[in-house]
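In the two complexes that follow, chain A is the common piece, with chain B as its partner first and chain C second.
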Partner chain A sequence: MKKILTAGAVILMATLAMPAHAELDTDKLKGVKPTAENHPLEKIISGYEFRNKETQMLQDDDFDNPAYIWVDAGEELWSTADGAAGKSCADCHGDATTSMKGVKASYPKWNEAKGKPMTLQQQVNDCRTERMQADEWGWESDEMLGMAAYVASQSRGMPVAVKTDGQMTPWFEKGKDIYYTRVGQLDMSCANCHEDNYGKNIRADMLSQGQINGFPTYRLKWQKLGSVHRRFKGCMKNIRAKPFDVGSDEFVALELYVAWRGQNLPVESPAVRQ
Partner chain B sequence: MAKSKPRVKVPKTATVGEVITIKTLISHKMESGLRKGKDGNLIPRQIINKFTAEFEGQQIFAVDIDPAISANPFLEFTMKVPGPGEFTFTWVDDDGSVYTTKSKLKIG
Partner chain C sequence: MKASVYVISALAAGAFTVSAVAGEVTAPSQVMVNDEFAVEKSLTGTPGDVAAGRDWFANRKLGNCLACHQNADQASEPFHGEVGPTLDGAGDRWEPAQLRAIISNPKKIFGDQTIMPAFYSDRTGTRTAKKFAGTTILTAQQVEDIIAYVSTLKE
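Let's turn to the complex of A and B:
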């Protein structure tokens, strides 16, 4: 649908300042080339391509996309003061549409004060406790997911590019280790499905490359928005392994490594999946 | 998602005789009244039980909603444009709240 918009219509829309969220070039979801020479995939394909037309259509139109209920709530929270300091996100960061542009594409990111990488959600909670003196939000709470999706949606269409060198190296290596280590009663690693067998059916479901450029994602199965760590847990349960905790060092390292595997893919948040 | 917030998507302009698609959604928990809480007691029913759409005072679409409808009900319907005017969309909650939103349609 986006493709048939004429240039004139695009200009008209721009002058009316209609779309609050950046456009996503769905052609790029079909596959991009990795930059890194040691990348295990020849072509990096978004999970969007492995889903059926109906699910894709839900994502294509922001009104149809159920995730926008959470994004709208996140937008409200952005300028709502909370905590003892009486501050809101907007008091420090101003207008999210400019200040948060590109943020999601670069996370997980090294945090100097903490001496470790942090995910977007951990950064949100860090701001809440340190600067706003407010309570942390639960990892899968509607508030956290709404805020994460609102911030992430500002980077929509921008290529994923996480830093993996310097202090990030041990975390990257740890994530890679987890990715390729067989665990659980089924004795499987992430790679067994998402590198060796993507594009094939596993029972009635089509295996994707397990890219995370669309998180937080609205999953039809969950009937709500969910974090990437929740998805990781689901995968681990499926192979009868004991999942790591959400927000654990293991999952942060894995998120970093999997984000690197999705380099150059446009940020899709909030995506819709089956 | 405690607060209910209605959203509609209608074209801003259309031509007379054109068939336009109208999409509406309201964020609402749609508690069916059939589920039990952690204490074993039924959670009281609270749903949106009625939705109406009017164009220039004339009803163009209405639906009575029952507990089987999912959370955040999404309704899509079409209308043949008779001329310029204003839409009024109304959602009625079990608790008596009425949520209304309006939208203008121009010809051209």
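Let's turn to the complex of A and C:
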């Protein structure tokens, strides 16, 4: 009983102590300085910095990070043979802790054979169908999320470094165009929230810069690991727009452009967010 | 019924000037902003209901004004947004006709760059979800209700 009363008093005090205006001082947040001359942000800040201590702590310790259920499953799949060719990832790529180091930091990446950029998930499925003669994994399947997170986690701490020049240029421009185009009944673009208003609350949500260096990310709201395309869809639904499909050219272009907006941020996959 | 009573009483009082005839709803495309950045004519002719407007203000599926604006009158509702200015004292700062113009389509008042959605406009972004295509975020009467409510927010 006393415990309940104390807890109640703490919550009450916390409520009273909460300032009416809880806007974040983004000057005080850790970030990296953009190197590109035409970069729209003065400081690139990870979504981690916008979250509360409890959420940050879940990410800080791999034993607490719920995404590791998927990562561990991904590690096992890495050396499990599948498909008519009887091969596993490890048969070609060996030890992922060395061969996959830095891979995620460079994706989406140009694929010469396909003549377009591919996301990590698309590359995984390309290997599965072409080399393993196995079925594709669904975009948001546990297998795909686990594999993507396992591979991505080999780049943790390495700076995001996507290529946006040469053949990537039209895709970069397309992604930029999508980023700044207002859509949906609410008529908003990504920039309205994530460039113009980060650090402010929109109802209960603290707006971040929408950086994607932590994907696949475990979202507390989802109670699950999820892809960045799923997150894009959620934003578009919120503004009452018809979302693009996961894996669509539009989302690949947008992922490329948003990855560039986070150039040099350390890869945090698998991150934990609210 | 309620609406016609209002009109009759307004006529009787000789105060029937700019209000529309009850039942005649202004279509979203017909909302005319004047030189003073205001829409004088009621969208419905039916006076706004303050209590209803207070509900629409907080309702996440309707006005959801709290998503972006703080409002001390609704302190019991958690999580007021910070994207737009506080609406404490908005009733002192804006005339109802100005609020009508802003809420209907703020781009005509603040410029195209404003993040604020148009709550009663036939022009929205591209790719609007099927479910919402051809609709307005609020009905004309809900806009009138919110105008009536926000007009009561005085300092």
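FYI, the second predicted complex is superposed on the first by the 245 of 274 C-alpha atoms of A that agree within 3 Å, B and C clash if a C-alpha of one lies under 4 Å from a C-alpha of the other, contacts with A are read in each partner's own complex, and residues count from 1 in each chain.
Methods note: contacts are C-beta pairs under 8 Å (C-beta built on N, C-alpha and C of every residue); 3 or more make two chains touch, one makes a residue touch a chain.
Bear in mind that the values here come from a model prediction, so they are computed numbers and not experimental data.
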Partner chain in contact with A:Lys237 - chain B first, chain C second, else both or neither: second
Residue contacts with chain A in the superposition, chain B compared against chain C: C
Which of chain B and chain C A:Leu186 touches, first, second, both or neither: second
Which of chain B and chain C A:Ala204 touches, first, second, both or neither: second
Contacts of A:Asp196 with chain B and chain C, given as first, second, both or neither: second
Touched partner set for A:Glu23, first chain B, second chain C, both or neither: second
Which of chain B and chain C A:Lys221 touches, first, second, both or neither: neither
First (chain B), second (chain C), both or neither touched by A:Lys53: neither
Complex interface listing, chain B residues touching chain A: 1, 5, 7, 9, 23, 25, 27, 70-72, 74
Chain A to chain C touching residues, read off their complex: 20-23, 181-188, 192-193, 196-197, 200-204, 207, 236-237, 239-242
In the complex, chain A residues that touch chain B: 63-64, 66, 69-70, 72-73, 142, 223
Touching residues on chain C, where the partner in the complex is chain A: 60, 64, 66-68, 70, 78-83, 115, 117-118, 124-132, 135, 137
